[in-house]
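I've put the structures underneath this note.
Okay, so chain A shows up in both of these, paired with chain B first and chain C after.
Let's turn to the complex of A and B:
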């Protein structure tokens, strides 16, 4: 075994609680271990601890990280520093901030190599070519900001591999990248591990990515390993619940959210960490289960795997709705738009039938954000025709039009005023659009909160006290109190964990069932499959394909759509059918 | 203040030319304002200048010399063309050309300002980096406390405290009055320069040092600094190669503003030490109702302030485009 990790524990200094507890695994050379967890699960803390590093305010209190027969955690500071890079290397989540903006690529790639400059440069050049980047002087002179996100990430990977480590730890390296860029980066990672006999640890919240890249998976929840093995053979109720919450790009099924909220640091750790949210919890779950091999072949930390295995959750496949024949609520024809003279949308045309959900699909730079800004009236520089409910839309609109067309923003952390309680955020549009005050306004606000399943006792909380999923549902409720005819959702699930995304997608689906029309802007084809009736694919500001969701996703005709579909990853669904 | 619109399109040269044009406009407005509050005030300026004992003939003579009998615009035009042609007029007090009076004063003041800046910049970086590196230690907390105190104190209070401490009651080691005889160059009298330079330096370092400290803390907490640690680089390299350049770059615009404030701050400090610079000249010109000298002093100070402000803008923009 190349890498042996055992008992790694990191404690928060302020509270004395463990952020991650007693983590252990083994890893052979050339193989990739995936570490999967939702936000707050401690996966990033674990990733850093593998390099003997803890962020300010945290301390590694125990455990061993043995790479090539050397225990990193037992090394004195100076030797640990030498081991970083040369034995174990790190690839950051966001290379845009992790690469130094003021140093050239050459400096950043060669520093710390402990080689003469000529040799160092030669090694860096060949590595850059190995990750698919030019290795010439002009490229090496560049600063990180002169690269695209995918290029930056490949530079970061080359930087990690350059000193010749035995283990590389990749912390969410493709989060924030487009699917096609992600596919290239994953290919680079796999190829490097194979050709250099490297062991890799791939940390991610994205189960599909981990299933694609990793040989085995470690599922982390509440700072503990709850399952270790293959996702396809998942036995732990948390892993299975996660898988049931992930949408698939190949078929439309009901997404099952996980009720409750992930445990924070300092939660009660005497029993099973997942028990409070577990559908299978029983009395014995109040004592902490060990991580043991279960019949499915994985290691799981659960007392009740036998019962869990007997109650498979068959995937409820939802049929796509029949094609809509009603009138169009929105018709966009020949729309051109741009920023400061630079055109970003070219002759965009599409229509949305009443009660339908249209997915506007595209990667970054495709113009989908400009498109939704044009629709909602936030963009001035446009020409073309947008007809909404029989009226031609201009960028300047009257009150009724603005009310009927509501927008939900991508980031629920920025779209709700931190100074207002949930209820008062909802009262603002009620007063503005309907002139409602007092009891009647409160009743309408609570009705909307009820609709998005926000419990009444949260109405007087501030956004900071809510989880990301709750905030996004409040943002949806704020749109709903306006009684809109059309809801524009701009990537509203991309900042959310899968278990929470499932709840929001199911909520949107039920709103659609009630007759609301919706435009869902996204880059995630799996979400498209689970919610959209029709799809319009944007590429470089032009519509390249449109049609029903089934037709576009199952048999795409345009080469761009085909590449997009091919690059989209799905979780293994074997367990759902095998039970 | 530094209101900088980044050059989105067009070349940096064009942006710089634009900024310069805006600067000239600002200076023009300053000159209009200056003219209005000095020469064009309601009331008989000549009478105010000469006092109530002056005879009508004297007042009429002065009005003629100042051109007060002509229309306002013509007065302004005459003054402006004079200034642009290098003729700042003659002093009403002693009849000498204003340029001759001001030249040594400008030299004295700029010596003071530049020497202070030469100390402020390295000291701020040193103190800022040291306190940031020793964050929350006793020296760091002491610096933060003392610097807030200094930021709250006006320059003349600091100056008087220094005089009290080093020139009068406690030590008596330095001259409390920095008299530099006319015709001498300021650096022939180093002892006289110590206290004024110290005052300006203290004020500057207390402000700029704190900014450097804050941006250095930002840089040390950044992800690229963490990444450098995870790459196994030495503490020294993380500090000096990764964190320091970014911290200094972030502080440069503030440094230029500190320079602007220091150059204009000499007015107060000079007065406290009776140092013969632009500031003291301005104060005595105001007391003597010597309009041409007053106008020239303010114009020189405004120009200096503008130049350093422009420098701050340029640094900010360079920092952003990097």
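Let's turn to the complex of A and C:
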């Protein structure tokens, strides 16, 4: 075994609680271990601890990280620093901040190598070619900002691999990249591990990515390993619940959110960490279960795997709605738009039937954000025609039109005023559109909060006290109190964890069932499949394909859509055989 | 929200010292006139007499009781400073927030106008208008306030730009809320911390500006009692009787230092927590 980790524990200095506890695993040469967990699960802390590093305010209190027969955590600081890079290397999430913007790639890639420049350059060239980038002088003279995000990430990987480490830790390296770019980066990681006999640890929140790249998966929850093995054979109720919450791009199924909230650092750790949210929890779960091998072949930290395995997977496949034949609530024809003279949308046309959900799909730079801004009237430089409910939409529009067309922002952390309580945020539009104040306004606000399943006692909280999913639901409630006819959702689930995303998608689906029309802007084809009736695919500001969701996703005709569908990853489909 | 910034700031030693100093000055200003042993403008003894039982701080250059003048002389300075700071902060926020919210040409015109105003040192700016329009306490305070507008507007424009760009303000714009209400209800609460710091600092500057103007003879007119004026009146007797000059200076210093300490501790708390509420 190349890498042996046991008992790694990191403690928060301020509270004395463990952020991650008793992490252990083994990893062979040339293989990839996926570490998957939701935000706050401690996966980033774990990733850093594997390099013998803890962020300010945290301390590694115990454990062993043995790489190539050397225990990193037992090394004195000076030797540990030398071991970082040469034995273990790290690739951070955001390559734009990992690379020094003012150094050329040649300087940047060779500075960590203790080799004469000529030899170092030769090694760097071959490495760049290994990660699928040109190794010529012209490329080496470039600076990070002259590269695309995917190229930057591959350079960061090459930089990590250059000194010849035995273990490479990648912390969410493809988050924020487009699916096609992501596919290339994943391929590079796999190929490097195979050809250089490297062990890699791939940390991510995305189950599909981890299932694709990793040989084995470590599922982290509340700072503990709850399952270790293959996702397809998942036995732990948390892993199974996560898988049930992930949408699939191949078929439409009901997404099952996980009730409750992930435990904070100060949570009670005497029993099973997942028990408070577990559907299978029983009395024995008040004592902490060991990580043991279960019949399905994985290691799971659960007392009740036998019962869990017997319970059927709630894989309810939902049929796509019949095609809508009603009148169009929104018709966009020949829309051109741009910023400061640079055109970003070219002759975009599409229509949306009443009660329908249209997904506007595109990668970054496709113009999908400009499109949604044109619809809500934030964009001035536009020509073409947008007809909404029989009226032509101009950037300047009257109150009723604004009310009927509501917009929900991507980032729930910025879309609610931090100085307003939840209730007060909802009272603003009620007063503005309906002139309502006092009891009646409050009643309508509470009604909307009920609709999005925000408990009444949260009405007087500030956004800072809510989780991301709760904030996003409050933002939806703020749109709902306006009694809109059309809701534009701009990537509203992309900042959320899968279990929370599932709850939001199910909420949107129930709103659709009540007759609301919706435009869902996204890059995630799996979410598209789970919610959209029709799809319009944007590429470089042009509509390249449109049709029903099933037709476009199952048998795409345009080469761009085809490549997009091919690059989209899905979680392993079945684990029924696990019982 | 911002009260907790104040709360955290109030726990620092710096702020406590500041509040203590301001408290002493406030007591003098508010209760002073009641306890003054003599009328502030009555000539009650020989000029520049040494401190004695009848005149605890001696008499000034005209033979008036220094203690009585001191106890009476803070009121004008205080209300003038508050008025000046108020005018400066309100107008400055208005300009700064409007510039940040409107952007583009409005922003450019407003900020260039502020630059022109900023190019006059504030004392010269006030003197220019006082010599044109005549002396009046209200006019002086208003002019000092106007002289503060460029500085305040720059700070608030800078603080408001990220708030104006935030999604919640964008939401209000998309929904067509009136600009005034957006500025007042959405943007302003987001800049309360820098606003408070600015108000505190400007108050201190107003105290020193108005005291300086009175000293120069362009603020409060004699025979009224005023700390700044007292320094100017009695400076010729400084070598014989230092108290009529030093006592008002000590009070001005306490007022300015106290305000400064409070404003700075709020600013530091805001900076440390990055304005987090």
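What we mean here is this: the second predicted complex is superposed on the first by the 574 of 579 C-alpha atoms of A that agree within 3 Å, B and C clash if a C-alpha of one lies under 4 Å from a C-alpha of the other, contacts with A are read in each partner's own complex, and residues count from 1 in each chain.
Note that contacts are C-beta pairs under 8 Å (C-beta built on N, C-alpha and C of every residue); 3 or more make two chains touch, one makes a residue touch a chain.
A quick note: this is a predicted structure, and the numbers were derived from the prediction, not measured.
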{"item": "Clash-or-fit label for the pair chain B, chain C on chain A", "value": "fit"}
{"item": "Partner chain(s) touched by A:418 [first = chain B, second = chain C, both, neither]", "value": "second"}
{"item": "Partner chain in contact with A:34 - chain B first, chain C second, else both or neither", "value": "neither"}
{"item": "Touched partner set for A:222, first chain B, second chain C, both or neither", "value": "neither"}
{"item": "First (chain B), second (chain C), both or neither touched by A:53", "value": "first"}
{"item": "Degrees between the directions from chain A toward chain B and toward chain C, using C-alpha centres, nearest 10", "value": "30"}
{"item": "Which superposed partner A:484 touches (first chain B, second chain C, both, neither)", "value": "neither"}
{"item": "Contacts of A:362 with chain B and chain C, given as first, second, both or neither", "value": "neither"}
{"item": "Overlay on shared chain A, then closest C-alpha pair between chain B and chain C (Å)", "value": "7"}
{"item": "Sites on chain C touched by chain A in the complex", "value": "1, 166-168, 170-177, 185-186, 189-190, 192, 277"}
{"item": "Interfacial residue positions of chain A with respect to chain C in the complex", "value": "376-378, 397, 399, 402-403, 407, 409, 411, 414-420, 428-429, 432-433, 462, 464, 478, 482"}
{"item": "Complex contact set, residues of chain B against chain A", "value": "8-9, 221-224, 226-234, 237, 241-242, 245-246, 249, 322"}
{"item": "Residues of chain A defined as touching chain B within the complex", "value": "48, 51, 53, 55-56, 81-86, 89-90, 92, 94, 97-103, 107, 111-112, 143, 145, 159, 163, 340"}
